[in-house]
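Here chain A shows up in two complexes: once beside chain B, once beside chain C.
Now for the complex of A and B:
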């Protein structure tokens, strides 16, 4: 019975992993880039002026207000952002209303301000880090609902894959650190186990919370039964379910004096040890006009809190949000913050990122194992052909996704800044590159595919900082001089990733030179045999 | 000052987990053989001893990190650091096991 249970779990593990394997790999890699959203944003917006000196926030506010008054006089929403640790910029943004006469669409606009002379800079239009990480749940080209449903399904199967994986892994403790690197198929199984078991808490957390985050879509019929179908009914559900507990009180400020400046002053006095990251003015010119303040505090697992200022009964009232009112919403919030890791400092952020990549590695090695196990036993010509095809697409996706992301960065520098649809084309170049990579893998001789792809990946990553030198005024030395740590970190990371790909290519080349038929000649049964050393009679100390 | 304190605490956590997991890995005969290069293995009593000390280090690490960062962040730090330490350790055990041979075993 026990054997049969394990066997059926094994079957389930194999096929749940296989169905969405490529999609899950894409999700894990692009999702991992989300932990460095701000760093990627900084690199993709080289025109931004960084602030690395002390600034007078009130002076900044005054010049920002001056700009907004001329550029966005009829806009209902204004935002002014102050430098934060991972966003050392001063920015203004506003909602531009649609105007048929001048043919302007309704859209968000933003400008970057110089901290010293107060001049404004236009920043190139780019998808930035946000578009890149959002792909991991909206899949970009498909309608939003379809993307969410597909990703939900893939996540569900991923969770099943994780749980069945734990069940079928017989020696989770005795083989915790084991990697028998010279044993063909066994080595692949070992590395698959290492990638899965060591970051298992992360894998379980990220998969479970990912599933939870999309529950509005995957469980939408539950909302239908209680609140009714349709967008407006669902909105009513979200409003009720995610309502905040709010503390309201009147403060000692006369309504005539309520302005951006006084709001900022009051916030500074009220929260002395907090840094303000955003000041917003919403519903401008209406009865409901109010001011918002956000703080740059991700110290705890809770997200940054906000304070709202508005005029009520001829007095100024503030509203402080104190978290979610419902228990379910609190749990949802908790998992959302754990998933996004916005609270993480540099150390945790890198570990989040590495764990995400280990997850991608787990999926990649799983896909490779799938083909290796079947390759040997494929008697029929047709089946062998099919497996060879899967093997090639595997390589195309595993190395192709990182190359495609590099293409996204390349296109940011190469597409003309004046091009209207440049942010769309950044994404197009990502997917075109991915398809090209898969096609390349389908045509090359199988023995050279891995090394070719790895060298290609190494070169596109190593050349990114070089491209940065030629297309902008930024380079590694100038970044050190200006203490532009985000730009420097990005360039160095790209060199590091390129080096990793190059080392991988060299290792594969050397292995091939030493022993060509390792993988082909070792079947699973042989490789699972006990290592000969364990047969030697051991002396007990 | 806060930053450097955090860095010190992270380093402490890494050290505790490193020692704990190294001892646990040495209680497994495969890794013990690779590290010591001897065709011997530990007695049952020694294995239990090594495991006991190893787990004590892990528990100490957990208690310390929960004390510093609170239950939620403490666990996040603990698990994240465990992943890091375990990956480094399995790389050492695979490619350079003799690096760990300075550890005096058997202990008792």
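Now for the complex of A and C:
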């Protein structure tokens, strides 16, 4: 009975992993880039003026207010952002109301301000880090609900794959320390185990919390039955589910003096060791007009509280949020923060990123194992052809997704700044490149596909900092001089990734060179004990 | 695949997949509603927090159902178990719903 149970779980593990394997790989890689959203943003908006000296926040506020008064006099919402650790910029943003006469749509607009002379800079239109990481749950081209449901389904299968994966391992702990590098299929299985077991807590957390983040859509019938159907009820649900406990009190400030400046002063006095990251003015010109202050810091896993200022009964009242009101909502909040990792410092952020990539590696090795195991037993030619096709698409996706992300960065520099739809075309170039990579893998001789793709990936990543030198005034030396650490970090990381791809290409090439004499003298079954790229001349192809 | 070697195995696998996918989804939803009611104590004062609890547990229920469906002896018994659990929880939910009116 026990053996049969394990066998059926093995079957379930194989197929839940396989069905959405490529999609899950895409989700893991693009999702991992989200941990460096601000860093990617900085690179994709090279015009932004960074603040690397001490600034007078009140002076900045005054010049920002001047701009907003002329550019956004009729806007209901204003925001002024101050330099923060991962966003060393000064910016203003506002909600532009729709105007039929001038043909302006209702949209958010933003401008970057120079810290020294207060002038505004035009920044190129780009999807930035946000569009890139959002692809991991909205899939970009499909309608939002379809994207959410597809991703939820894939995530559900991932969760089942993880649970069954734990079940089928008899000796999960010993296997973790086992690596038989020269044993072909076993070597791939060992790598798969290492990628899965070491970051298993991360995999479980990210998968389960991912499901929670989309639960309002994937399990919407529950809300329909218990809370009421329709959009307005759902909106009410979200609002109440995310409601904070708030402390309200009147402060010693006369209502006539309430302005952006006094609000900032009060916030500085109230929280002396906190840095203000945003000041907002909401519902301008209405009875409900109020000011918001957000702080840069996180306290543990929770973001530091925001403070709201409004006039009530001819006095100034402040509202300080103290966390979520419900117990379950607090658990949800905990998972959400864990998933997004916004609280993480640089080191933890890298750990998050590496764990995400290990997850992607786990899926990739799983897909490779799927083909290797079947290749061994493929008697019929038709079946063998099909498996060979999957093997090629595997390579096209595994190396193609990183190349496509690099193409997203390349297009940011190569598409003319004046082009109106340039941010759309950045995304188009990502997906066009991905499709091109898969097609490339389908046409090349199978023994060269891995090395070709890896060299291609290495070159597109290593050349990114070079492209940066030729298309902007930024380069590694100037970044060091200006202490522009985000730009420098991005350029260096790209060089590092490129180097990793190049090393991988060299390792595979060497292995293949060693493997060729063996392949001629061994049977088909034994030849499976070589890396997949070397399964060449056999009848499979 | 060994499991797909003959038609009977193929059909039983197909049934399991369908029961796991749709039966699991329906039962996860029903379980979430039940948990919401139970955690609220009744169906009148359902608070948002109870719904959040139900939703968060529902995914674990879904995963458990899928694993159960693939580990039982036959596809028929898997179907019967899942269907009857759905019917029972649906009956309980309707009973609680009716009790309010």
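We take it that the second predicted complex is superposed on the first by the 513 of 541 C-alpha atoms of A that agree within 3 Å, B and C clash if a C-alpha of one lies under 4 Å from a C-alpha of the other, contacts with A are read in each partner's own complex, and residues count from 1 in each chain.
Going forward, a contact is a pair of C-beta atoms (placed from the backbone, for glycine too) under 8 Å apart; a residue touches a chain by one contact, two chains touch by 3 or more.
Since this is a predicted model, take the numbers as computed values, not measurements.
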Touched partner set for A:5, first chain B, second chain C, both or neither: second
Chain B versus chain C as contact partner of A:338, first or second or both or neither: first
First, second, both or neither for A:38, with chain B first and chain C second: neither
Partner chain in contact with A:429 - chain B first, chain C second, else both or neither: neither
Touched partner set for A:355, first chain B, second chain C, both or neither: first
Touching partner for A:131 - first (chain B), second (chain C), both, neither: neither
Touched partner set for A:394, first chain B, second chain C, both or neither: neither
Contact residues common to both interfaces of chain A (with chain B and with chain C): none
Touching residues (chain side chain B, partner chain A) in the complex: 6-7, 10, 21, 24-25, 28-31, 33, 39-43, 46, 70, 72-73, 76-77, 79-84, 86-87, 89-91, 93-95, 106
Residues of chain A defined as touching chain B within the complex: 174, 176-181, 194, 198-199, 201-202, 300-301, 334, 338, 343, 345, 347-348, 351-352, 354-355, 358, 533-534, 536, 538-541
Chain C to chain A touching residues, read off their complex: 1, 3, 28-29, 32-33, 36-37, 46-56, 58-59, 62-63, 66-67, 70-71, 93
For the chain A and chain C complex, residues of the former touching the latter: 5, 8-9, 11-12, 156, 159-160, 163-164, 167, 208, 211-212, 215-216, 219, 221-223, 225-227, 237, 240-241, 243, 325-329, 331-332
